[in-house]
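What follows is a set of structures for review.
Both complexes below contain chain A, partnered by chain B and then by chain C.
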Partner chain A sequence: MENDAKVIPIQAAPYNLSRQAGEAENMLDHIVDDFPDNPQSMAYFYDLFRRVYCHGDEVKHEGMLVGTTCIQAPEELIYAFGATPMRLCNGSYHYDQKGADFMPAKSCSLVKATLGMLNSETVIPKIGKPDLIVNPTTCDQKKKASVMIEGMGHSVYELEFPNVKESEASRVYWQRSVRQFAARLRELTGKKLTRKNLQAAMAKTSRAQAAFRKLHNFRRKSPSLILGKDAFLVTNAYFFDDIERWTDAVEKLNAELELRDEAGFKAVQSKAPRVLFTGSPPIFPNLKLPLLIEEAGGVVVTDETCSANRMLYDMTAVDEWLVNDMVDSLADKYLKPCTCPIFTRNDDRRRRLLDLVRDFNADGVVYQAFAGCQVYEMEYRSVADEFNKAGIPMLYIETDYSTDDKGQLSTRIEAFLESLKNRKKHRA
Partner chain B sequence: MKASSPRLQALRDAVNHVHFNRFRFWFQLAAFVLFVYGGYLAIDLGSRLPFFACGYNQEGRAGVCYLLPLQHQLSLPWARLFSYAGIAVLTGFLIFALWFIFLNKGWCGFICPLGTIQDWLTSLRRRLGIRYSTYSHGQFAQLTKVKYLLLALMILIPLGIGGGLFSHSMSPPFCLICPARMILPMFTGDFSQFTIDFSSSAAMVMTALGISITALFLVGSFVKKRFFCFFCPMSALHYLISKPALLKLKKDGSKCTRCGDCYNVCDMEIKEIADDIKNTNIMTDDCTMCLKCVASCPETGALKATFAGIPIFESTEAGFIKRMGKGVQHGK
Partner chain C sequence: MKYFAGIDVGSTAIKVAVVDEEGKLAGVHVAPSGSLFHKNSLEALNNLLGKLSLQREDVRYLIATGYGRKLFKEADDSISEITANAIGAFEAGKAHGGVRTIINIGGQDSKAIQIDNNGHVVNFAMNDKCAAGTGRFLDVAARNLDLDLEDLGDCHFQGSGAPLTINSTCTVFAESEIIGLLAKGHGKAEIIAGIHYSIASRTVRLAKRVGIEDRVYFDGGPALNKGLVAALQDELGRELVVPEHPQTTTAFGAAMLARSEFMDEQSLEKV
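Moving on, here comes the complex of A and B:
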């Protein structure tokens, strides 16, 4: 009898029923449904994330696929060689847990999640296997990830990045490093870097940047025209979306915001505390903190993170449109204005934060540090001192991708926003 | 910016969005024609001009570079120089300073014919698709002192001539080695400066040196943007008296992201323009005030040119995007 028992094979659950999809769906539902008056043109982005993260639809790309683990990899070069860059930094708690096998217990969620994703059979977003993964040598955890990613069967290129940026020596070193990267891409794709294709690639990213800057400027308006959770979703989409389609969608969003502005639309109450977000980058589905801020009645008006502002803000000036000068100018853009905490000094980051607070009329700052992201944790003190001196309140939050601390965090955030409101009242 | 009338604001926007390089090209061309050929129209703006309107271009010149009369005056016999002729030296300097104060080093970036020729050589090289060369940081730090050395020699040698220490055939020493003396007269068909003067050994050395420096000038400014300006004693003299100048290059460090875009386009490789966030007066001794940095700055209000305190050309995000061909698809 026992021998006759039928063995029912364990069927793999369809992706949309998986924990991963659930995590994404839950976040997306909150982003979409918890707020009235979402801009209509955000539908493109909601739909995009639903397809890619909740249904597991494939992300299509042209030419070879070059994964990047950091914004420091010059994407214009990748486009110029006819390949498509794809940012691999991941925000999923599911992958964070999977990646925990590779890293010490107290390490950055982002790095763990990226490792977890690259090691899994079904990669979400479903981008396919990258032909090359570019890993700039930035923080220690990312540096050490190189060998592990290689161990998973990927081909990895370590893009040498200096950790001092003030000196002329580091500038020259980095320019050389970028040129070597171009040589590697040439080897990979078998194509040549020409003035024409590099100029076309730069026009692509510049158009995207110009659209981003316009969106960025709309967020200066008080009361806000658009919420921060939507803005983060827009820049998160830049990681994997087709750049032309992305730019079109942002331009449409900008047009809608212009109409909103003319109509005197308010996305939030006039008294809603305006928050500058800084520190470790929010990456979908981990938009936990921005969402908590806005659910509690605040509004994230701008940010200083590498998943949004820092990724798209700085634009390249070229004096002579020849390949050499273009490549050097690009290299400069990726090094000189960068406010990443991996550098020895953080004068530029502190100045940038103060500038953003002033320009965006922010009432306070929320500083997110992923537990284990040492560089952001270490910069906390100097940044806090700077804001203290300027009389700007800051809330420092150490967290990770898990949702366990949501209740506790929401209490802290509510209290912080309440104090910002009171300050505002007293001033008025 | 101060609240101003909408019409003034519209004018300011139009200026800030200008296609700067094109504007500058035509401006320089006009200035070149005026100062190299203006003499034919009987234009004479005197001999105290703060740029290389070369006096050796005798027919076409519309004025004379101050360095020529200055060296002549300084080589007067000491007895005369240190008595009544001293007054002439002082009044000459005063007129020169008055000219200078008006445009500051803008004379170099917009007017100087020798500067314009270097820009033309640069654009020739660019059209040929050849890359420019740069100095290393160490070379820059050393070479930037040369112009002061030349300025000191340009004053001391004429004084020595006046005191009988050097031969008169060395006068005026800087003009004899200045590439403008050979190149600018050429534009009016005068090639007579391309000679070596064998009348005395000093004259021979000086004129031979002049020819070699001219050759160096042509090669140098082909491979290096504004090659000669780096060594120009006029530029050193400018800097020493630049404090009261009306045209100023200003920087608001709080708006600067140190992205280096300005440094990248700077013909003179001035790193401070990007990295210095403390000084509001950002013009350095090597600066030619070409204002390319202002045109290539993407941060609104970070860099600006002011005249007597009034902003006349300011960096703006919109202007940057327009100039760099951003925000449009490739091929349009």
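Moving on, here comes the complex of A and C:
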């Protein structure tokens, strides 16, 4: 008997059948369907994620495509050279598993997922091959990723980033590093950096930042006008969406929130505990923790993470007579206000957290550390001490992109929210 | 007389407690969870009501807690087991001069809770997603040693040598370590004492994360194990308050909460 077994070539699953798409779809359904009263203008973002993550629609860009692996890569420079920046940091558990081959078992889900995505046959978001990937030398895991990304056939630029923030030597070093990056971009695009181009690029990002800041300020309202899960989705869209279209959509959302505010609308119960979210960044589809908080009756009112607040809060508004001086000032803007835990000291981060608790009237803090993200894990103690001194309760959660700890986590989060409610009750 | 009930639907056992209007414990009941969570929960509740000669209507408010709390729709409300445990230990601890730290070891998790003078949760810690140092670990160890779970406590004290060191904190790896020790000819009692110390030191590390203050209350099924209690006291360097019914503290807390929720609603209606 002749066996007619054939070698079946391994083919990438079509986008809408891939596990990545299934994961994204589940999360999106959850975000959209399980909460009443979603703002109508969120439809733009729901639809965007559905098209890009579930259906695999192509993400278009103008000029050259420059992938970034961190918010420390100055996007104004990329825009000024007529290229489009695209943040590659990925939140998919499917890609996390695929990327596990590249890293030790206990390493950051975010870095593994980004590697997994870049090495995948079906890259989602479908952005096409970046002309350059800029990888700032921040945490160790990202530093080590450069060589691996290069091994996948990408062209990688290592943007040298200092790990001390306060010293003048670091400042000068970083300014030179950003100038070199500008030179690399000139080489890539064949264009020249001018004061006018840079000003136009800054106007673009400033408009986006102004829209973000308005949204951010709406979240001070108590009871809340919008849930944190939607706010995270909005800032996540900034990773890959066209910046002008994104800004228009956020402005529409802001207009709706203004109406909600005038009408005295409540997105949550008036007693809902208000939570500040900090630590490792939630990136779609890994919005596990913010969703668990809001399902349990809490509300995330603000955050200190690099997928949202830290990415968009500090406005760019520099003007100098010479373009080189503008680049230096731009570099300062990226270094000085940064609260990334890769620095030796974290005085600024602690101060920022206390400010946020006060300004947003937060009842407590949830601190997420991805297992293997050493810098966040190590900063936990000093942040906990700071909050302890200030009498602000904090829940520390070590987790990753998998969903198998959801049961345990929901118990812990519910208990934490119950204790926040109790505190409020007995203080009143 | 009005009654109030708490039902703690855990991973291993279902615990029910009923209290009366004065907050006095009327009775408790423990049944295995089995695979039919919901059916077994209802049966456990009805069993206890039968024992106490009560009708379902006599229970004016019922609060569910534990892993299955959301699945038990017959309850009026649900609460996380951490809050319920804190209330139960606070109330039960009054007779012992008040407690501030609670150590709970359950079937698949272990917790440390710090409470203030009013019984409110200040801080808590819970083991991450593995069964190391939980009741399940004892279960597996007893099976390896051909013993009943209930006998582990007495065996702890029967050894002639020092407790052996069990290095693995993983339930699965510890299993092979135990088999290895048996193969080398070590006595069961020393192995058991070693297991108890391994759980105890792990638990103390967890408790230190929340801060340990006197008195320390120890509950959950494994608190029935006298050997484990002794090892934990030794590792902590403090005495433990172990209640009469360690398994049902959380259910008792839920019942006490049911009582106060009912009273609150009543007083609101009067206004």
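Methods note: the second predicted complex is superposed on the first by the 411 of 428 C-alpha atoms of A that agree within 3 Å, B and C clash if a C-alpha of one lies under 4 Å from a C-alpha of the other, contacts with A are read in each partner's own complex, and residues count from 1 in each chain.
Here is the rule we use: a contact is a pair of C-beta atoms (placed from the backbone, for glycine too) under 8 Å apart; a residue touches a chain by one contact, two chains touch by 3 or more.
Keep in mind the model is a prediction, meaning the values are calculated, not measured.
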Chain B and chain C placed together on chain A: clash or fit? fit
So, A:E398: does it touch chain B (first), chain C (second), both, or neither?
second
In the superposed arrangement the C-alpha centres of chain B and chain C open, at the centre of chain A, an angle in degrees to the nearest 10 of 120
Counting residues of chain A touched by each of chain B and chain C, the higher count belongs to B
Contacts for A:S419 in the overlay, against chain B (first) and chain C (second): which applies, first, second, both or neither? second
Message: Looking at A:S18, would you say it contacts chain B, chain C, both, or neither? Reply first, second, both or neither.
response: neither
Which of chain B and chain C A:A317 touches, first, second, both or neither
first
Could you say whether A:T411 touches chain B, chain C, both of them, or neither, answering first, second, both or neither?
second
Least Cα-Cα separation in the three-chain superposition, chain B to chain C, whole Å, stands at 27
Note: overlapping chain A surface for chain B and chain C spans none
Residue set of chain C touching chain A in the complex reads 67, 79-83, 109, 118, 120-124, 126, 128-129
Per the touch rule above, chain A residues touching chain B in the complex are 166, 168-169, 171-172, 199-200, 203-204, 206-207, 209-211, 213, 217, 313-320, 322, 324-325, 328-329, 332-333, 335-337, 348, 351-352, 354-355, 358
In the complex, the residues of chain A that touch chain C are 393, 398, 404-405, 407-408, 411-412, 414-416, 418-419, 422-423, 426
Residue positions on chain B within touch of chain A in the complex are 126, 129, 131-132, 136-137, 253-255, 257-265, 271, 274-275, 277, 292, 296-298, 317, 320-321, 324-331
